[in-house]
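In what comes next, subunit A is part of two complexes: it sits with subunit B in the first one and with subunit C in the second one.
Take a look at the complex of A and B:
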């Protein structure tokens, strides 16, 4: 097979996504049928998923003149993002916040972000990394302001835009300095150049901070989190669910790839890394991780709006996931991937329930959940599963995810961070359990019925049942994720 | 006669970067903030071209700066569309007046 053909085959999942995007737009223009458009898009996502599964048979390699890397790490995240965007489209189909006639536009924007994220996790060159990051960011600004007439949605998109553009500008300046001191755009050449000569620590720290601004913005890490609550609250609920899961996990994925390739060296022990000399970034990340979870959880305590509460909780969960990076070893990274899968299920599910309840009440106040367990148990029981799993109570998936993260800390004797994490878990129990209490222990205030369509029931079951199963039997997923960590391929 | 070297380019770009950050932090008008962001991006562009000429042995930095110009343009297109929406709904683009969501 020729080299151009091979490159295109390795990139075929994204090509299929691109064709899906165009084709579903054409279908929507010809038929004006929303269900048919959704079906076309889901069919395309399914094809892309199957295609990405088939790509496992190719050897790990660099392609497109060493711009992108084909390895298990990027393939896992491709599959992950395809599934998440399929759920997002179903959610948008159910939600009343997305105008029926503008549903094709939503598909267009969501699939563009998905293409950006799939390319982002595979990129090993600063140019490809920056371009795909901007594809994710710029389209996300439009997605946040999807409800043009809604003032909150406008405000969300403006805040996202200003913070995001400032973050990516600073990231770009950091990249330019990194290019200056190493003379290369390829992550592996940069790593080699950093290892071969003495570098001024001051310059390295300046670059680190600038790059941290760009990546930290994507995963809403303190102190770059200020936009997150407003954006997640103001954006339409399907978009908010998508943002709290997909771009955030993409940010963590590229953070792992970048920092473990450029700012660390593999030690002689397999599955263990060391930070490069003169740059002690793991300690910085440890402090920021503790700050992120504490601030997220403490702010979530006082929220009256369910979406804003979940927004703060998603900040806290980014803090938990950062803990796995700090330990700089294989088990920490597997714990992050495992937690990312669980987090996607439970957080998306919680947003989905909030969106369905919001369809009836036209707002997302926590008051609306009063007595929901009596009115529609079909909605309240999955919600209870999602919330308890977010807290990390056994026997749900969230518990296993937290145990793996905590265990990675124990192995490396990071006890102070472990204590922070455990205290935060206890704090988070209060506000998650508060909603459960409202749903089951309080009597309904009004007679408003919350309508749950069969499709919504199906989505709730597909999100909540895996959480229960993964709480009991998680071994296959863990084994698969361990094999997904081969992102260091030798050129 | 003084020859222009890497140092001079870096001075210009760091001044631009600092001015951009100051504009982002101090402006109240959303267009002003966008201008600051443009300054930051162009400072990075100057850096890339200068480093490509004096440090690296290839042209990748210059290609990167071309992409920066394109990205900056597309970012501004989306930004102005959003600002137009906000102006239609609120008759202002002063960021201090836009914030309504508070806990």
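Take a look at the complex of A and C:
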């Protein structure tokens, strides 16, 4: 097989996504049937998923002239993002916030972000990285402002745009400096250049901060999180669910790839890394991680709007995931991937329930949950599972995810960060349990029935049942994720 | 009694998971079939009780180690096992759990609203409690420990009294705080053991746990200091459950607000988990640290005994406005006092002391269950619990009066009733080691006698309160829940050996471990 073809084969999942995007647009023009459009998109996503599974048979390698890397790491995230966007489309189909006639647009935008994200996590070149990041960002601004007539949605979009522009500008500036001192755009060459000669630490710290701004913005890391609550609250709920899961995880994924390729060296012990000697970035990340989770949880405590509360909670969870990066070893990174999967299930699920309840009440006040457990247990019981899993209580997946993160910290004696994390867990119980309290401990105040369609029930089951199963038996997932952490270490 | 092999070899697993099966059965029953649900629930709590009796009969009393063990690999990559077993320490607690759970289903007979959810939660709670007492893998122990939290939260929060929401979340937050500290200790144990293991049996073997020096918050921490820190973490986790002063503030609230059967389970079983955890995990794994901490433990025991008793006393002397005058609160505080005896007995490392402590755990489970059931009986009839709101009931409800007197006397440690024996053993053991503390602790006995007798007088003696001339005596269903406990109290007071025999060998073993350190 010629190298051009091989390149295209390795990129075929994204190509399928692109074709799906175009094809569903065509279908939507021919037929006004939303279900048909949705079906087309889902079919395409399914094909892309299967295709990505087949890509596992190709050896890890660089392609597109070393712009992208084909490895288990990027493949895993490819699959991950495809599944998330499938759920997002289903959610949007169920949601009344997405105008019926504009559903095809939503598909188009979501799939574009998905292409952006799966390219992003495969990028090993600063330019490809920046380009795909921008693809994700720019389309996201449009998604955030999807409800054109809604003031908050517009505010969200504008805020996201302004903040995003600043972030990517800073990131680009950091990249240019990095290019300036190392003379290369390729992550591996940069790493080699940094490893071979002493660099001025001040310049490196400046670069580090700029890059942190860029990536930290995507994953809503403190202090670059200010946009997040307003954007998540203002955006339509399906979009918010998508944002809190997909681009955030993409941010963390590229963070892992970038920092572990550029700013650290594999030591003699397999699965252990060292930060490059004159740049102690792990401590910086540890502090930011502690700040992120604490700020997210404390701000979530007194929210009256469920969406805003979940927005703050998603900031806190970014903080938890960052803990895995700090410890600089294999188990910490696998813990992040594990947590990412669990987090996607539970956070998406929680947003989904908020969206369904919001369909009936037209707003997302926590008050609306009063007595939900008595009115429609089918909605309330999965919600309780999502929330308790977000807290991290066994026997739910969230607990196992947290245990792995804590585990990595204990392994490296990072007890101070661990203390922060466990205190945050206790704090977070208060606000998650607050919704549970409204649902079950309080009696219904009005007679409004919340309608749950069969499709919604199906989605709730597919999201909540795995959380319970993974809380009891998670070995296969862990093994798979452990093997997903192979990115190519040397060029 | 002959049991089929598939039951006999998995006896403990059946005891843990039968309630879960019951929960699934109930969850598919139609909502209208309330009677059927209750009978299914009682059936699925009766079965573990019967298996418990089989366990009692087949338990080898000469064996100090574990019996009825089952071990299966669960998560091989991290050496996590499904590992259960019973020894003299856990078997008494398993029996207590099975018995109280069964009786509490009958005490729940009047629950109307959301019966299905109630029974499901109750059965899940039983499974969690059984699991905690059977688990021999720390990870499994932790999972069961936390699994109990959720049903408890709902049971207090949905079916509780006026301040149920506050009580439920306070209970939840306190216990979660304790258990995350335990989680830290658990992970540390795993990493400092060679080979890495969660097995409590392996960890208890001297030499398995090898802690190295480390730096914490930039301060160099020696291995010994770090182990002490782990001990403190575990201690806080368990102390919240016991509860040991000053971690007790959730208890009066939760016990008072919870519905009667849940108060029974809380006081009868859940409190024991704290002391059980100390004996099962802290003592054998960290014997040196236990020894180091023993004096403090004795002081904590003393504080609990006296402080709990004084608070109970205050329920009689204080008016309702000042938070007093509540019979249920009185019993809740008396629990704190009685758990103090357990702590004191554990802290001295003498044969009498530790046997007394575990026997006291069992006895307190029975007597406090009776007390809470009895409060429930009267509350169902008159809908208040004000101690001075009754008066002269002795004439009107003689059977009830008799049972309350029995329970009160058992609680205050009247000779001839079971608590006397355990308290006497505790004092015997403690006096040898800490005479001054023990002398001070006897103050608790006097206070206990005082407030129980005072309460008895206020409620049952004197002229009959005219409001209650139509008060009905205990019903057959209520008698059914009370009589077995009453019989046990009397029987074990006269002949305690059946229970003492069960635990003696194992407790000796724990003592040897600590004395070696």
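By our rule, the second predicted complex is superposed on the first by the 488 of 491 C-alpha atoms of A that agree within 3 Å, B and C clash if a C-alpha of one lies under 4 Å from a C-alpha of the other, contacts with A are read in each partner's own complex, and residues count from 1 in each chain.
As a working rule, a residue touches a chain if its C-beta (ideal position, glycine included) is under 8 Å from a C-beta of that chain, and two chains touch if they have at least 3 such contacts.
Since the model is a prediction, treat every value here as computed from it, not as a measurement.
Q: Classify the contacts of A:176 with the two partner chains as first (subunit B alone), second (subunit C alone), both, or neither.
A: first
Q: So, A:257: does it touch subunit B (first), subunit C (second), both, or neither?
A: Neither partner.
Q: With both complexes overlaid on chain A, does A:370 touch subunit B (first), subunit C (second), both or neither?
A: So A:370 meets neither subunit B nor subunit C here.
Q: If you stack the two complexes on chain A, which partner ends up touching A:416: first (subunit B), second (subunit C), both, or neither?
A: A:416 sits against subunit C, while subunit B stays out of touch.
Q: Considering only the touch criterion stated at the top, classify A:474 as touching first (subunit B), second (subunit C), both, or neither.
A: Only subunit C; A:474 stays clear of subunit B.
Q: Who does A:233 touch here: subunit B (first), subunit C (second), both, or neither?
A: A:233 contacts subunit B only, not subunit C.
Q: Regarding the shared-chain residue A:403, is it in contact with subunit B (first), subunit C (second), both, or neither?
A: In the superposed model, A:403 contacts subunit C only, not subunit B.
Q: Please determine whether it is subunit B or subunit C that touches the greater number of subunit A residues.
A: B
Q: Could you please specify the touching residues of subunit A with respect to subunit B in the complex?
A: 126-127, 130-131, 134, 138, 141-142, 145, 148-149, 151-152, 154-158, 161-162, 165-166, 169-170, 172-173, 175-177, 179-180, 183-185, 229-230, 233-234, 299, 302-305, 308
Q: In the complex, go through subunit A and note every residue touching subunit C.
A: On the subunit A side, the touching residues are 374, 388, 393-395, 399, 403, 406-407, 410-411, 413, 415-416, 418-419, 422, 425-426, 429-430, 433, 436-437, 440-442, 473-475, 478-479.
Q: Where on subunit C does subunit A make contact in their complex?
A: Where subunit C meets subunit A, its residues are 74-77, 114, 142-143, 146-147, 149-150, 153-154, 157-158, 164-165, 168-169, 172-173, 176-177, 180-181, 183-184, 187-188, 190-191, 214-217.
Q: Could you please specify the touching residues of subunit B with respect to subunit A in the complex?
A: Residue list for subunit B touching subunit A: 10, 13, 17, 20-21, 24, 30, 33-34, 36-37, 40-41, 43-45, 47-48, 50-52, 55-57, 60-61, 63-64, 67-68, 71, 74-75, 78-79, 81-83, 85-86, 89-90, 95, 98-101, 103.
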